[in-house]
Every structure is written in structure tokens, then in C-alpha cells.
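First up is the structure itself, then whatever we jot down about it.
Order of writing sets the chain letters: A, B and C. Residues in each chain are counted from 1.
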Amino acid sequence: MIEKELEPSPYFYETIALVTDFSDGSPFAGIMKGVIRKINKKVSVIDLNNFIPPGDIKTAAFEIDISADYFEKTLFVCVVDPGVATAREILFAEGFSNGFLAPDNGILSYIFERKKMKLFKVDRRRYAGGRRTTFDGRDVFAPAAAEIAMGVRECLAERFEKKIKRIILPEPKIKNTEIICEIIYVDSFGNCWTNFKACKHKIKKASSGGISVTKMSNTYAPSGKNVMLYNSFGFLEFALPDGNFAEKYGIKTGMKFKLYPLSISPLERGRRKMDPLSISPLERGRRKMEPPLNLPLGKGEK
Amino acid sequence: MIEKELEPSPYFYETIALVTDFSDGSPFAGIMKGVIRKINKKVSVIDLNNFIPPGDIKTAAFEIDISADYFEKTLFVCVVDPGVATAREILFAEGFSNGFLAPDNGILSYIFERKKMKLFKVDRRRYAGGRRTTFDGRDVFAPAAAEIAMGVRECLAERFEKKIKRIILPEPKIKNTEIICEIIYVDSFGNCWTNFKACKHKIKKASSGGISVTKMSNTYAPSGKNVMLYNSFGFLEFALPDGNFAEKYGIKTGMKFKLYPLSISPLERGRRKMDPLSISPLERGRRKMEPPLNLPLGKGEK
Amino acid sequence: MIEKELEPSPYFYETIALVTDFSDGSPFAGIMKGVIRKINKKVSVIDLNNFIPPGDIKTAAFEIDISADYFEKTLFVCVVDPGVATAREILFAEGFSNGFLAPDNGILSYIFERKKMKLFKVDRRRYAGGRRTTFDGRDVFAPAAAEIAMGVRECLAERFEKKIKRIILPEPKIKNTEIICEIIYVDSFGNCWTNFKACKHKIKKASSGGISVTKMSNTYAPSGKNVMLYNSFGFLEFALPDGNFAEKYGIKTGMKFKLYPLSISPLERGRRKMDPLSISPLERGRRKMEPPLNLPLGKGEK
């Protein structure tokens, strides 16, 4: 959600968190830190993730969204930017004690869905003059972040008037007694996160092509057996304890799985209390839906 | 060694060192840093290694042990924790100017062998309430580390009464004139560290299956020739200068090698002084043994 | 360029930037940070790149050279050191607000080409006594860096009298109407940097074996088509937008490409102003050459 108010806050950020696709096999994140420290020696710079797959805006958007609430007074500097050196704008979004500096390429879509923020256009002429090089991370993002973090707002003179780019996280779909969900994230353990979040609902079976998961678990056990569990961010995920689910089955984001939920009796519905976890990222927009509650009742249920 | 004394020290840690299997391709270590900084902005957080192979408790235990003496006033936060969300406890061990926060899964075994420490159970209810999620790194380790580092000890109310889990580093075995050693660590250069530590003893030959190493060296030379050397932590290792020994021969931890030492004359024994290096990690427990000195004498020796 | 003056400056460094080939899958960079912090808690340590390919002095030299100008009051600690434990010296070079601690193996060659610096030999006896282990990063570089950064100069007593080791960055060669350039760096996106820097000169075509690049671009577009562009450090590079040029064509550093430039009319020559970008690293030594200006004129030109 974007607020209309124009003025940026005279706010200080104590931490800069980098989200890039530079990978550690490059000096580029280090160079950004050098530029930041030339201007602002007080801010702490941490790497949220410099290993976003090259140009993978969706993964970056997702990681920013699930991470942001665990930080405060932090400016996220998001340089997954395949459109670098084109006319795309650089945006500064401000809200809920954290700020975000990012290209206008959809990378802030998910966080915008659930956070109220003010939006500004960064005036790149302050840093790079008329030049457009292929390393705005160094030439614009780093000096702008250093200044914004120390309360300097000169680069935010212009209002951002255009419509920002959006990417949309797919939602699970209900089809008769099945739920069609989609893999939206594969983590570094090979656990495959779906877009299905409804922590109280038991799933009998999940399947996709020849892959089948029938064991619902709360832990990464039993060893060697496919399991599904609601993970620590509230998403239903598939895992292979002591193994790598994604690698074993060649899972990529975008793959669809069918979920067969246990049906829920009306009594159970009334009892159901909101799990505090489910207030975590992405949930708000989706809460209206709550797919399993709308499922046709199973046989023998009232 | 675990001390009986109950009270934790009112001690401050200036550094938190992370040891995890998250890998940099994930935002999880970054999220832990966000949580730590929300509570404690003074402590410096460094990554000792976030690339422990997934769930590899032995490698983590080994790296913690060989690294700890190079730090001071440092709290090691060890999140290689395949049992996350099960009933396993989270421990805090305190001693010799450093502290350790780790699951009770054996990860502190090697450091316990040679350091006197006080041991406490972390009360997870202070942080996660009744919840057990699959990311205790974020929900328990990070806030507990932040508090412990700043001298807050409220989470350490309970005494740890159970027997802690232990893993045991295999010891080299003497068999006639041979020593059977084992690969216990493969470093990022592909150098293969054995469990044999006795810096003054020359080895004529090491072999395993078709692999043979006959050149003893002090440096990573000559190029392209298998060498063995006592490395900077005192362990005998195999290396392929300008190459990768582990990759070339498919070496994994657990593989056994036979060592054929030069025999040592009685005269030499008397002269032998303790090498300062050999007081480094893992040595103390093992010093009683000193295998080569007990070897049968070679022909022609008195 | 090496200055004759002997005395090191009583200078403080606020940042230490690590350049190593340890990779993150090891605790070695972390151990260096532990040693540094034992001695000097004020200096900030950042990772410029700990993923230099093992022993790849050329890549390290190149990254140091292109990065250094983006830092200030920074001591670069360069531990790509296949000759560790041999008699090679450890050098400290000081100049232009930054300093460099590195083995005498050529790793500072490129930065020496364009920066005036004072050169000292580090007295390793201050740290490691008579010992030469295989981890000077921990035993010499880290404590020396910590001390030098805080203004302690005791380890710099000895003048470095020998000739330092040099590696030479190959220069592009002109051959009739072609320019023969060489791949000198492959970045983490798979973009292949050549040694050709002359930002104003259009290239009609580049080729090597069956590989052909005919599209000159300013951005990483169009998707899926080979392009060449002068990158943000001034080098001509080949890229595959939304792909990986190096991977697709198996490019390694050292591979040669032929460039076919658009010829330049005398009028154009007069107009040509120096691009500010071209004053960036490596340019100074090379500026005398300016290959395209010396090309034979094309047909129809005066």
C-alpha cells in the first residue's frame, strides 16, 4: 500500500541490509560497502543474501518479504536489477521503521501488499550525474543508501508519479476437494515452500506427477521419508529429512502440487483460533480466502 | 569437561560468531543478525562459517574446536541442528573467555574434551513461548545470544541435568609398524586432514586403496605431486599442490589411510621436545598416546 | 610505482578488506577476524571477496585493482598465497589513503602500475617467531593488519630491498584492421571482460572460433542475444542478457577475441574528449596506446 503523503521522514537507519545477486564470488558487494563507508561510517552493513539467483526478482521479493519483520531501523538495499542502465527508476519506500531502496522492477511487490509505505523516486543525478553505467549498485544505490541512512534526503526531491511495476505471488486454487498449490521458494536445504498457508489444516496427501508426500510432520523427521510441514514462516513445505527434496525430485519454483486436505467439520471451524504465526508475511492479503474452510464437506460430516 | 558450579558469570561477550549450515544462498543467517541487532546493537556478529554441509554435526564440531582459541570474549552460536523442533535441549556452555550456544546434539563434543566449562540449559519459553517452530536459530538462538552477550542471564535459570550427547573423534590406531589414520576433515582447498597429530614424526608413505603419498613437505609444493604435511593446526594432511586432493581421489571424511612412519631411535626420543603447535586443539586428550614413539623399532636400530 | 622513502606513515586504517581464496565453506576467514579482533576492536573488517579461485593470483590482482578506488582508509589484506610457508616475503604497501598487505607473489602488480606507494617488508618474527606454518593468514597477516591499522609500525622495521614479483596484464594488439583482445576476467554473472578499454569506440563485431558478437549495447538487453558493452569499469565485455555468456561458450580467462572496430574519421578524432570513466584502473599505463586511433583508415575516409 502506498501512501500519498510526500515528505520523507527525517529518519536514521542503523543498519543497511544488502539483497543482491552478485554472489560472493565477486567483489561487487564489497565495493558497495566501500562506497557506503566513505560516506557513512556509523551504519552497519549486513548481507541479507548476496546469492539471489542472477536476475531472479521473484526470489528476491520473497526473501525481502519474509525477512523484513525481523529487522528494525534497517534500510534494505535491493540490487537484483537486470534492467540496470535502462530508464527504469530507482525507488525509496519508507514505512514501519524499515526502508527499502530498489529498482522499479517488482522486487518490492510482496512487501507493498502488506505494509503501508511512502514512496519516492531517487534522483540519480545527485550521484551519477548524467551517466548510466551498468553498476548502479556502486554508483547510485550505495551512496544514496549511505546518505538516506544518515538522514540526508536531498536525493528524494521528486515525487514518483508513475504506476510501479508489480509481480503477483500466485494464490492456491480450490478445485472440488483438492487445493492446487505452487512451489514459490526452494530454500538452501532443498525444502520446497508452497504458497499454501493455513497452519491448522492437516493435509492427507500432496502429489505432483510421480511425487507423493503423505506424511505430515512438525519436525525434519523421519529421516529419508518425504514429509510436509508448516514451516517457521507459516508456509506448507515439502522436505526430505537428512536429504534434499528439491534435488531428489528436480523441483523448481512454479511447479504445481495437488493437496488433499482432511475435511473440517463445522464444530472444528468454530473452535479454530488464529495462529499467531499466520499473521506473518503474505497472510493479510490472503486471509479473506482461507481456502480449506470453503471446501466441500467430506462424507459423513454435517 | 563440565564443571558442577551452577551460577553463570555476569559476563559480556563482544563478538557473536555464527556457525550454521544455512549457506549464503539463504536469508536465514541475515535474519538471525536482524533479530540480534533488535536486542543488542553493541555486539559484533561475524560469520565463522555458514557453509557447514547440511546437518553435518561432525564438521561443525571440528571447526568450532580448531577455531575457538583464536577468539576471545566471543559467543559461538552453533545452529547445525537437524533435530530442530524436536524436544532436544538448547545448551549454553561457558568457559575460557568464550561461550557456546548450541543444540544438545554433540556439536560441542570436541571442545568439551579439552576445555573446562559450565553448562546451562536455555529456557526457550522466554523467547518462543510454548511454540516449537523449525527455525530456532531465529526464535531462540538469536535472542538468547543477544541477551547473553549483554549480560542478561534470565534464560539460564534451569540446570542441565541430563547427560549431554557426545560424538567421538576417532583416534589413530597402531598395527605392527603401521598407523591406521582416518580423514576427519576436508578443507575448502581439498586438503584432507587426518586424525594423526605428532608434528615431529616423519612418515615415509601413506596409502589407501590405489592412492599413495610418499612426499613429506612443509609447503604446498612441488606442484602437481601428492604431498603430506603437518598443517597449521598440527594435523597430518594430504594435499595436491596447485590441485585438489579430495576431488582428484574422491576423498570423503571417514576414509582410512595407512601411514608408514620412519622409526625413531631411542636417542631421538630423548631429544624430542614438545612442539608448541602440538598443544593446539584435540591434542591434550590424545597426548598420552603419541603413537609413533611406541612403534616397534626398525631393523638395525638399537 | 614504488617510492624510495623509507618511513611508514603514522596512519590509521578504519577498515580491513579481506581478499582470500578461502571460500566461505571454511572457517579460515572467520579465524582471521577472531585474531584481528583480539588485537584491534575498532577496525571494521569486511569481505571484499573470499571466493577467489584457489591460488588464482591474477584474478585477485585484478579485483584488488578495480576495487581499491572505492575505498578509503582501508587496509587490503590479500591472502591468495600458494607459496605460503616458503621463503617468499610478506609486503606492506602504503599510498593514496589505502594500504595493502600481501605476499610478494605479484598480487599487487596491477595496483602498483598506477599508484605511487611506499613499500615495506613485514617482519614475521614479531608474530610467528621462527615458525613457518601453512596459515600465515592467521599467524602473520591478521595480527600485522590489526597492528598496522591501529598505527603500530614495529613490524615494518626492515626495508624491502629485493625486486618485487610482477605479473603483467596482457595488452590488446593491433593487427591490420583488427584488434586482438583477451578475456582477463569472468565475473559472477558470466560476463567476460576483455583487456580492451576505449569507451568511445564502437566495435562492429567480435569473434573467437565459432563465437560471434555483433550487437553493441549499453544495457543487458536484448534478452538472449550476445552483446558487447563497455562496462561500469570501462572494459569491453561480452554478455548474454538473462543468460551466462561464459557458461554458454565455455569461456576462460586467457581466451582471445578479434575485434573489428568501426573506423574513426580524423574529424571524429579531434572531437573525441576523454571519458571520465576511462581514468579508472589500468587505464593510465595504457593510455599512450589508444589502439583504435592508430588503426588504418577505412575506405572512403579522408
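Worth pointing out:
Just so we're on the same page, contacts are C-beta pairs under 8 Å (C-beta built on N, C-alpha and C of every residue); 3 or more make two chains touch, one makes a residue touch a chain.
Only a predicted model underlies this, so the values are computations on that prediction, with no experimental measurement involved.
Because contacts link each chain to all the remaining chains, their graph is best described as complete.
Of all residue numbers used where subunit B meets subunit C, under half belong to both copies. The two sides are thus made of different residues. In this assembly, the C-alpha centroid of subunit B lies 35 Å from the C-alpha centroid of subunit C.
Looking at subunit B, residues 24 sit in touch with two or more other chains. Against subunit B, the residues of subunit A that register as touching in their complex are 14-15, 17, 19, 24, 44, 46-51, 63, 66-67, 70-72, 74, 187-189, 218-221, 229, 231-233, 241-242, 244, 277.
By the touch criterion given at the top, residues 21-28, 30-31, 33-35, 37-38, 41, 45, 54-55, 82-86, 131-135, 138-139 of subunit C touch subunit B in their complex.
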